[in-house]
Amino acid sequence: MIMSVKVRYFASLKDSVGRSDDMVDVNGAVTVAEIWAMANANRLMPDNILAAVNMEYVDIEHSVQNGDEVAFFPPVTGG
Amino acid sequence: MIKISADLFDPWHEVVAYQDSAKHWTGKFGATNVFVGTMRDFNDGDAVTGMVLEHYPGMTEKQLEDIVKQATRDWHLLDALVVHRVGEIKPNEPIVLVAVWASHRGDAFDAGRQIMEALKNKAPFWKKERLPNGDERWVEHNTDGYLRSPKNDMSTILG
Amino acid sequence: MIKISADLFDPWHEVVAYQDSAKHWTGKFGATNVFVGTMRDFNDGDAVTGMVLEHYPGMTEKQLEDIVKQATRDWHLLDALVVHRVGEIKPNEPIVLVAVWASHRGDAFDAGRQIMEALKNKAPFWKKERLPNGDERWVEHNTDGYLRSPKNDMSTILG
Amino acid sequence: MIMSVKVRYFASLKDSVGRSDDMVDVNGAVTVAEIWAMANANRLMPDNILAAVNMEYVDIEHSVQNGDEVAFFPPVTGG
């Protein structure tokens, strides 16, 4: 089955990847880490990156479903 | 209640307005703890002339709701209010307000601090500072608010 | 600053007025912690219609000054404000305000709580409650504000 | 040397001794506990009493000087 996954980047990570979002089409089961690799072929995932699926924090081995929104961002600095 | 504000807000006015609107716990709260984080005009030794606060609309609110719910499970609270600025901020403007109302002060202090620390660790906000020379830089990480101050550590060591 | 007030005071107005008057640390404070203790309309299971707060003029101010000085030695503080009511008090009126300003939140939370606990333990104030039947009773002792709430203890025990 | 010491009582203790203050004249060295005994011949000092001399907390064995103000009161309940 072909799945369509929205990928979003925030803050300094958005600056370094040079985009705020991607659409990734995948065939079959896939993890958050694999989504990163597909969207950023030439760039290793930074060590201190945080990941969320549908606005909840997840481990990068979390599996992604059709229609999910996957987000990557650096450590948060609010407050 | 959770509020994300793109405009300047007055934290003390927010506290009064919220408290006055909550007639169902008038007379029931003995302890209010309020934390306000304000933009300083320096950071990491440099003068800072302004800041842009980015967030992740939807996730930010969701995380803040979860943080307040957790505090309400962990402590005896009557209510809590969290307001956070986003967008362009100038020095001396408030960034964040965390207010909690409880019957007793132990719960108020502990819950307020727990919410504030969780917000600093989990709520998706990011600060970009503007320096006097026009440069911008992303703040890389938040410090731990439970660390004791060097002053206190010294006085403990030196007796 | 220490203030003993025989009249109703607005804690949020006190905080703003004090902060606005302190131009020498404008832009320097990142963290403000404010605790407000408010008279409830019940205590120890009974409805309470009012309260008289007695103090020891001179000693009360002296003890509060010492408490704030100690907090200033223990934590990195820019300033502190303590306001305490005396005399006749009605439910829902503020009794005490402790506000501290610091560069960092750890100091603000710790210093605010330390001042509040020391005030509860050492500042010579005594409360006499008025009950609906016209009886009066002295409050016999303050509780420990560092005790964790029963709710939290339960959740710790039950996982 | 004859010393004159002012004694003050607060809150529930003022109610139970029935006075807000006493003047005690003593001859020679005396402790806070002895001041209590002189001013309250028929009443033992309550266990949980707090004592201050010149507005500083003291132990009841603290010695009192001429002109001192000695205060007795129950546990404080402010805040």
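Every chain is named by a letter (A, B, C and D) in the order it is written, and numbering of its residues begins at 1.
Please note the rule applied: contacts are C-beta pairs under 8 Å (C-beta built on N, C-alpha and C of every residue); 3 or more make two chains touch, one makes a residue touch a chain.
According to UniProt, the chain labels map to these proteins: B, C = Molybdopterin synthase catalytic subunit.
Computed from a predicted structure; not experimentally measured.
In this assembly, the C-alpha centroid of chain C lies 28 Å from the C-alpha centroid of chain D. Once the centre of each chain is set as its mean CA position, chain B and chain C turn out to be 21 Å apart. Separating the centre of chain B from that of chain D, both taken as means of CA atoms, is a distance of 47 Å. One finds 72 Å separating the Cα centroids of chain A and chain D. The set of chain A residues touching two or more other chains comprises 79. Contact with two or more other chains is made by residues 37, 105, 116 of chain B.
Because contacts link the chains only in sequence, without closing, their graph is best described as a line.
All chain pairs that touch, listed by label, are A-B, B-C, C-D.
Against chain B, in their complex, chain A makes its touches with residues 8, 10-12, 15, 52, 55-57, 71, 73-79. Listing the residues of chain B that touch chain C in their complex gives 12-13, 15-16, 26-42, 73-76, 91-92, 103-110, 112-113, 116, 143-152, 155.
Residues of chain C touching chain D in their complex: 37, 53-56, 58-59, 62-63, 84, 95-96, 116, 119-128, 138-142.
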